[in-house]
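You will see chain A twice below: alongside chain B first, and alongside chain C after that.
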Partner chain A sequence: MKTNLWRFLVVCVVLALTAPSLIGCQPQPETTTEAPQVQPTEAPAAEPTLAGAEPPTEPEPVTLHVGTTYIWDTANPTFGWYNYNLRNLIYDTLIEWGDIDTFEPDLAESWTVSDDGLVWTFKIREGVTFHDGTPCTAEEIAWSLNWTIENEIETFSFYLANFAEVVALDPTTLQVTLSDPVGNMESALLLFTWILPPSVWDGMSYDEIMEFEGVAAGIGTGPYKLVEWVEGEYLILEAFEDYWRGRPAIDRVVYREFATDDVMIQALLAGDIDVIDMVPGPGVQSLESADTVEVLIMDSLFIDELIINSHENGTQPASLNDPQVRLAMEYAFDRGQIITLGYLGYGEPATTVLPTSMGDWHNSDIKPILFDPVEGNRILDEAGYLDTDRDGIREDGEGNPMEYRLYATDSASNARILEVISDGLSQIGISAPPTVMNEDSLIGLYPDFDFDLIYWGWGLDPDPDFAMFIFTCDQREEGGWNDSGYCNEDFERMYEEQAVTVDQEERRELIWEMQQKLFDDRPYLVSTYYDNIQAYRSDRFTGFGLGCGDILWKWCFLQGSPIE
Partner chain B sequence: MNAVKQFVRNPMGVVGAGMLLVVILIALLAPWLAPYDPQVRVQVTPDDILAPPDAEHLLGRDDAGKDVLSQLIYGARVSLIVGFTASFMSMFIGTTVGLVAGFYGGRVGNWLMRLVDFLMVIPDLPLMLVIIAVTGRGLTNIILVIGLLGWTYTARLVRSQVLSVKERQFVLRARSLGASAPRIILRHIFPQVVPLVIAQAVLDISVAILAESSLAFLGLGDPTLISWGMMLNFAFERAISRQAWWFLLPPGLAIVWVSLSLILIGNTLDQIVNPRLRTHHLFDARRMVALAVGVPPLAKADGAGE
Partner chain C sequence: MQRRDYLIRKIFFAFITLIVVAFFNFLLFRILPGDPVRLIIHSPRMTREAQERIRTNFGLDKPVWFDGERLHEGDVIGAFDSQFTAYVRNLLRGDLGISFAHRQDVSTLLAERAWRTVVLLLGGDLLAVVLGMTAGLIGAWRRGTRLDLAILLWGLFSWALPTFFLGIILLILARGRLPVGGMVTAGLKPEAGLTYWLDVGKHLILPTITLAVVYTGEYILIMRSSAMEVLSEDYILTAKAKGLSTFRILRDHALKNAMLPMVTMIALTLGYTVGGAIQVETVFSWPGLGRLMYEAVQKRDYPVLQGSFLLLAISVIAANLLADLLYSALDPRVKAE
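Now for the complex of A and B:
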C-alpha cells in the first residue's frame, strides 16, 4: 500500500500541475516532414576555393511557419470554406482582390465591357501553367468557369449566377456574356472563383467532385503548391517555380495547427513559428513587449453576431419572433462588455451587418442602440410580457416562460461572451443559460433550425453582395449560407434589384435600405466589427503588405521577403 | 474505538484530517469568507482583466475581471460535493456488488466480476468525456458519471474480503442456526468489510475530485458553477500568455491540497483496517502455527487484535 500512496501522490500532483502543458503539446511536423530534406552540412562560406570542382550548394530553403488554430476542413476547394487566404495562395482568379478595397489584374491582364454592360472581354495572361504542368489559357479558364456553373459548385457558383455564356475566342481572349448587367463584376464576382485545372476535375460527377480529396485537389496556378496536409496537424506549401509573377521569395510555407492560442503565442515568442494568422486579444500584450515580434492590428471584414432564429419552421418559441422582444433584446445586448471581455477591447461596437471598413457601403445613418435594460424592460412590459408568477422570468401571453437556448462554439472567450449576453438578458427577465458545444454539434442543429440564439461570426467579401446574399430565402437550404433562417419578400426584392443595378450610387442606396431592413427585423444582433490581429517575427521576415487586412493574403504576402 | 486511537496516533492521518477540515470549513463558510460573490458578473474595463493581486483582490482577477480568491473559496464547494456524493455512490454500488458476488459466488459472482473486469479495462476519463458530451454538462450528470464508473475497485476489494469471511466459523454457525442469506450478509459479513470500504471510499473521494477537475478543465464541467477545474480551463486558454500565475496556480494547488489530505487520511485508515497490511482483528496471530514457530515477537508488536 506504500507504493500505492506514492502512486496516488504522483498522479495527483502531475494531474493538477502539468495537465495543461501535456494537453497543449503539439505534434512537431518538422521532424517527420523535413527529415528527407537533409541540409548540406558544409558551411557555404568554405566553398569558394572548391567551387569549380563541387556542384553548387543549394541555398537553404526559406521556410515560413504559420501558426493557426484551424487549418481547414478539406483540401477540396469546391466546398471548403476555411482560411481563404491559404486557398488564395494556391489558386488564381481572373481578377485579384488586393488591398481591402482595390482590385488587381490576376489571370486577366485587362478587360473591357460593352456599353450595355452585358459582354465582358478579358485579355488572358500568356504562359501561365497549372502546378501539374498543364497550360492555363483562355480555353482552360472558360472550361473552369463553365464547369463551376454547370455543376453548381456551391462556394462560388453564386458569384456566377448571371453568367449566360463563357467562351474562349482564342487562347488569350475570354468572353463572358451576362444575362443581366451586374454592378459588382470586378468587386465581387471574380474574386473567389478560382480557376481549377481540367486535367484534374474533368469528367467527374457531382458526387465525385464533392468527395475528391488529396493533394491533387490543391492544383491551381497560384504562387504555392500544396505538398502535404495532415488533418489537424500541419500543411506544407512549396513555391511554384513557374508562377507567372516569378518564383516567390519565400520557398515554403508550413501551416501548423495549435490546440490553444496560448501555446501558439509561446511558439511565436520562442521562434518555432513566424506568423500567427489570428492573435486572440489576451495575447497582444505579451507579443507587443517582445522586440522580435511585430503585432499588426488591422481593420478587417469580420463581424461577430448573435443569431436569432428567424426561420418560420424553426423550433424557437413564438415570443422570439416578436419584433418588440427582439428590440428589447437589443437594449439588453451589452456590446461594450462583450468587446472588453471577449476581444480585450480590439473591436468596435457594431450596428449593421456591413462593417465600417467597407466604407460607403456601411449604413452610417443607423445609430447604435446602447445597453439600457431599463428601456428593454419597459418595451417588454408594454408588449405584454409580464412576470406573472414572480420567478424573475417573464411569460408570454400563453403563460410560456421566456426561456431561450443560447449556444456558441467551444472556447474560453465565447464562454465569457455568452456570460455577458445571458446576464444582460436576465436583466430584462429573459432566461438564456449559456451552452458551449463543438462546432459539429452546432452545425448539426441547422437542418431543422433547432436553436434559439447562437453566437457566431463571418468574414465578408469586400463587396456587400455576399453579406446580403446570406439573408436570402434560398440560402436556407441545407448547405446554404443563411444561418438565421431569415426570409422576407421586400428584402428579397431589394436583393435582386441591387444585383442588376450598375449605377453605384443607386446600388449604395439600396444596400443602405437593406441594412436598415435587417436592423429592424433583427435576424442578427451584430456585436462587433473586430480587428484582425496578426503577429510575425520581424527579425526574420519583412515587407509584407499591410493594406489587405491580412498579411497572409496573396497580394500582401508576396511582397514579403526573408531577412538575410 | 481502538481504530480512532490508532488514527490519532498516526501523524499522517492527523495532518490529512486537519487539511481536509480546513477545506470543509472554507466550503461551509464560503459566503462569509469570500470577499466578493463570484456568481455576479462585474462591469469591467480592459485594465481589470487579469489584473495582478493587490489589496482589494488578494489573488488578483481572472479573465472576466472577477476576484480569483472568491472563486477559489466557492470552488471548494463543488469539489467536495462531487467528491463526497460520487464516492458515496461508488461505495454503495461497489459494496453491494462485492457482497453479492462474494457470498453467492458461482455463476452470479462470476458474471458480476466479469462486469467489473469489463468496466476496469475501459479507460475512465475518455469514457466520461463521451458520456458527458452526450448527456449534457449538469452537476448531477457529472456526479452520476463519476459515481457509476468508480465502484469497480471497491467491488473487488469487498468480494475478496467476503470470500474469506464467509468461510469463518461464525458464518457457519449462523447458517446452521437457520439464518437467511440476506441476514448473514447484512448482520454478519457486512460489519466485517465496513472498515475496508470506508478506507477505500476516502481514497475514492480524491479520485472523484480529480475526475471532476479533469472534466471541467477539458471544458465539460457544469458551466453555471465555479469549480477549480473550470478556473483552470479558463486560465489555460486565456491567462498563460499574460503570465497571470495568480489565476493558474491557486486552483491547481487547491486540487493538490484536497487530494493530498484525502489520500493521507485514506492511507492511514487503510493501514489500520486492511488485512493485507495488518492482521485482521478476528485473527489471533498467536494461534498461527507459522508465526508461533518463526517469529513470536511479531504477534506482540502487532496491536491489531481485540
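Now for the complex of A and C:
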C-alpha cells in the first residue's frame, strides 16, 4: 500500500513536470518568428453570407482592435447605457452628430419645417437596408419612432416627448407633427434616436423587449453589423456590405476587454490592439514616447463638478444653503491643483456647466473665480461664521460647526481630488473629511438627498438642453437626473422658454442667462472640462476625423483607413 | 476498523462544515449595504412599477427569513415563503438560481468560468509544487552552502513578490512575442481544434510562469525547513552509514517524511485554486472565477456570490478531506489516533 502510494505520487510529480512544460514550451519557438497573432481562419461555415467568397482569393480582412475596460452590459439597445460610440457604429439616426457642435444628414437627406415650427418634413434616403436585408424606408422609420414612443424605450424615448404624430407620407417622406415647437430638433432630439428594424422588434411585449438579447438585437442600418459578443472578453463587428455610404474601409472592428488600464497600454505598445478608447492620464507619457502610437488629446463634452446639496428637504446643514458660504467655498476650490493632481493636467479650469467645447453655447462672460482662501475667509467672517471655540472650524449663528460630508466614487484620482478639496475648505475653516465609496452606495444616498458634497461628473449632449434639464425640479424624483436637488422658479421658467425657442440666437441668450443663474446659485462648483485622451497605432491606421472628440464616433471613425 | 471510523468521522465533519457554510453564505451577502435592484436596472429613469416587476422576478420582494405578521395570523406556510426557504429549496434541488447581472443560470456560468480558472492555474500550481519541493530538498541537503543560500533567497524573494507586479513586468518583457492578456484570440472557437488550443496555450504561458514563480517561494521555504528537520534525524545518518546513494536517501527517507506538511500545503493551494486568483486573472484579463466573483460583489449579484462561495467552500473542504486521507495513508500514527 505504502509503496503504491509513493509510486502514485512520483507519477503525479512527473506528470506535473511534463504537462505544463508541454503547454508552456511548445509555442515558444514559433513566437519568436512572427509577432502578430495568426488570424482565426474566418470560419466561413458559420457565416452564410461569406460562404460564396472562397478563402484563397480573399485577402486578409483589415481588422482594427479596440481596447476598452468595459464593452457593454447588453446587446439590447433599448436599455443599454454603455459605449454609445460602439452602438453608433451599428445603428443610424435621422440626423447624425458629426463634429462636436455640428450635425449632419444621416437617414434623412434633408428636411423642412413649417412656419409655426410644428410640422417637420424629412426627405428620407433611398436604398437603405437593415443588416438583415429588410428595407428601411420612411415607413420603417415611422414605425421605429412610434414604437419607441409607445414602449417608452428607456434609452431615448424622452427625447421624443413632444412628438404628437409620426407618419410616412410615402417611402421617402416622413412627417413629424409636434405638440409644441422644439428649440433643438436637429441638435438633440434626433441625434440619439436609433432607427430599429420592425422585422426584429415588432410584436414584442414590453417584457420581451427588455429581455431580448443576442446578435439580432444588434441589427440596424449602420456601417457595421454585430457578429459576436462574448461577455467580459470581446465583441466583433463586421463591415456591412450594403451600407448606404458604401462599405467601410476597415473590414472588422474587434473590441477587447481588459481588466486594467496598465495592461491595455502594454497591449497598444505591443500592437495587440490598435486603439484605446480612453487613456488614463498616467499612461499618456509612455504612449507618447512610442513612435508607432499617436496620442490624441481632444476637447470633450465631459465635466466634473462638486455637487452641493441644494434640496430644501435634504439632510445638509443649514449653513450650506447660504449663498455667502457657497461663494466662500468657490474661493477655497483650487481648480488648478485639482486638474494637476486629478487629471495630470489634461483639463481646463471650468466656470459654467457648459464646457467651452460647446462653442457659442458656453457663456464666456462668466469669469473664473481664482483660488483665494484669504478672500474666502473674509466673506465668512463678514457673514458671521466665526470660530468661537477656537478649534479651527467655524460655527454658524447657532453654534453648529461647519462640518460637511464629502463623498466621491472610489477611484485613485478621486481620492487625490477629494484631498485637494478638503484641504482647500480647511483653509477657510470648513471641515470636510473625504470619504470614497462605491457607486451604488453613492447612488443609494439620492432618494433622501442624504449628503452634503459629492464630487462627480457628466458626459453632456452637444445641445445645451440636457445640461440644463438636469437642474429642473421634476428631475428630483427618484430615477431622475437632478443630482443636486436644485429647484428654482426663474430657472424653470427660462428652461421651458428655451425649449420652445426656435430662433437659435434668442435661445443662446436664454442659455447664457441660465448659466449665470446656476453660477450664482452654485448647486455645482464645476471643476474642469477635461480632455478625452485616445491613442491609436499610427503605423497601421490613418485619417480618423479629430473633430468629434472621439475617433471611434461613427462620423470620425469612417474617415479612417488602414495603411497598406 | 479504526481506519473506517476515522474516514467516517472526517466525512461527517466535512458535511457539517458544508451546511454551516451554505447557511452563512446566504446571510453574509444580505448584510452587505446596497440594493441589487438598483444595479439590475440599468437606467436611472426606470419607473417604480418596472422596478417592482424586477424585484418580483428575482424573488426580492419576499421577506429575507419569514414574514412575522403572517406568522402571527397563523399562516405558517405563507409566512415562511421567504428568500431563505427558496434558497434552501433550490439548493437541495441543485439549482443555484439565475444571475442578476448576467441573466443566466448560475451553475452554467460557474461551470464555464471554473474550467477556465482551472486551466489557468493548474499548470502554474503544479510547476510550483515540483520546483519548490525539489529546490527546498536540495537546499536542506546542501544546508549552509552558497547553493542553499541562493535557494533560500530565491524562496524569500518570490514569496514576497507581488503577483500583479511580476505579471506586468513579464507582459512588458514578452511584448510583441506573446499575446497581452485574454484567453483566446477574438473569434476563435474550440471547433477550430488544434489551432484553438495552441492559441490558448500561447495565452497561458505568461500567467503560468507568474504563478509558478510566485507560488514556489512558499513551497521552497516549507520543504526546506521540514526536510532539514528530517535530515538531522539519526536514521538518515544510519542510511548514510549503510552506504546508500544521496538520491536514495533523499527520495526514500528524507522526502517521504518531509512530505507531511507539504501535503497540507498542496491540498490547500489546490482547494483555493478553484476560487481563482483574482490578481492573475486581472492582470491577464482572464475571464475566470476570480473576476466573476469580484464583479459579482460590485454588482450585489447574490446568486453568483452564493454559488461561487459554495463552490469555493466545497473545493476547500474536499481538498482538506483529501489531505486528511493522504495523511492517514502517509503517516501510520494518524490512524492510531
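Throughout what follows, the second predicted complex is superposed on the first by the 483 of 564 C-alpha atoms of A that agree within 3 Å, B and C clash if a C-alpha of one lies under 4 Å from a C-alpha of the other, contacts with A are read in each partner's own complex, and residues count from 1 in each chain.
Keep in mind that, in the parts below, contacts are C-beta pairs under 8 Å (C-beta built on N, C-alpha and C of every residue); 3 or more make two chains touch, one makes a residue touch a chain.
None of the values given here were measured: they were computed from a predicted structure.
Visitor: Quick one: classify A:Pro434 as touching chain B (first), chain C (second), both or neither.
Guide: First partner only.
Visitor: Please name the chain, chain B or chain C, that touches the greater number of residues in chain A.
Guide: Counted on chain A, the partner with more touching residues turns out to be C.
Visitor: Quick one: is A:Arg256 in contact with chain B, with chain C, with both, or with neither? Answer first, second, both or neither.
Guide: A:Arg256 sits against chain C, while chain B stays out of touch.
Visitor: According to the stated criteria, A:Pro317 is in contact with first (chain B), second (chain C), both, or neither; which is it?
Guide: It touches nothing on chain B or chain C.
Visitor: Taking the superposition on A as described, I'd like to know which of chain B and chain C A:Glu154 touches: first, second, both or neither.
Guide: After superposition on chain A, A:Glu154 lies in contact with chain C alone.
Visitor: Quick check for you: in the superposed arrangement, does A:Ser411 touch first (chain B), second (chain C), both or neither?
Guide: A:Ser411 sits against chain B, while chain C stays out of touch.
Visitor: Taking the superposition as given, does A:Ala270 touch the first partner, chain B, the second, chain C, both, or neither?
Guide: Once the two structures are laid over each other on A, A:Ala270 reaches chain C alone.
Visitor: Would you please give the residues of chain A that touch chain B in one complex and also touch chain C in the other complex?
Guide: Shared contact residues on chain A (touching chain B in one complex, chain C in the other): 1, 5, 9, 13, 15-17, 19-20, 23-24, 260, 262, 266.
Visitor: Quick one: in the complex, what on chain B touches chain A?
Guide: Listed in rising order, the residues of chain B that touch chain A are 41, 43-46, 49-50, 63-65, 137, 203, 206, 210, 213-214, 217-219, 223-224, 232-243, 248, 252-253, 255-256, 259-260, 263, 267, 270-271, 274, 276-277.
Visitor: Could you list, by residue number, the parts of chain A that touch chain B in their complex?
Guide: So the residues of chain A in touch with chain B come to 1, 4-5, 8-9, 11-13, 15-17, 19-20, 23-24, 260-262, 265-266, 280, 282-283, 285-287, 337, 340-341, 344-345, 410-413, 415-416, 419-420, 423, 433-436.
Visitor: Which positions of chain C touch chain A when the two form their complex?
Guide: My answer: residues 33-35, 38-39, 42-48, 53, 101-103, 123-124, 126-127, 129-130, 133, 168, 171-172, 175-183, 185-189, 191-192, 195, 198-199, 201-202, 204-205, 208-209, 212, 256, 259, 281-285, 287, 291, 298, 300, 329-330.
Visitor: Which of the residues in chain A come into contact with chain C in the complex?
Guide: Those residues of chain A that touch chain C are 1-2, 5-6, 9, 13, 15-17, 19-21, 23-24, 26-28, 31-32, 35, 37-41, 43, 46, 65, 73-74, 79-81, 154-155, 158, 207, 211, 213, 227-228, 231-234, 236, 254, 256-260, 262-263, 266-267, 269-272, 438, 440-441, 443-444, 478-481.
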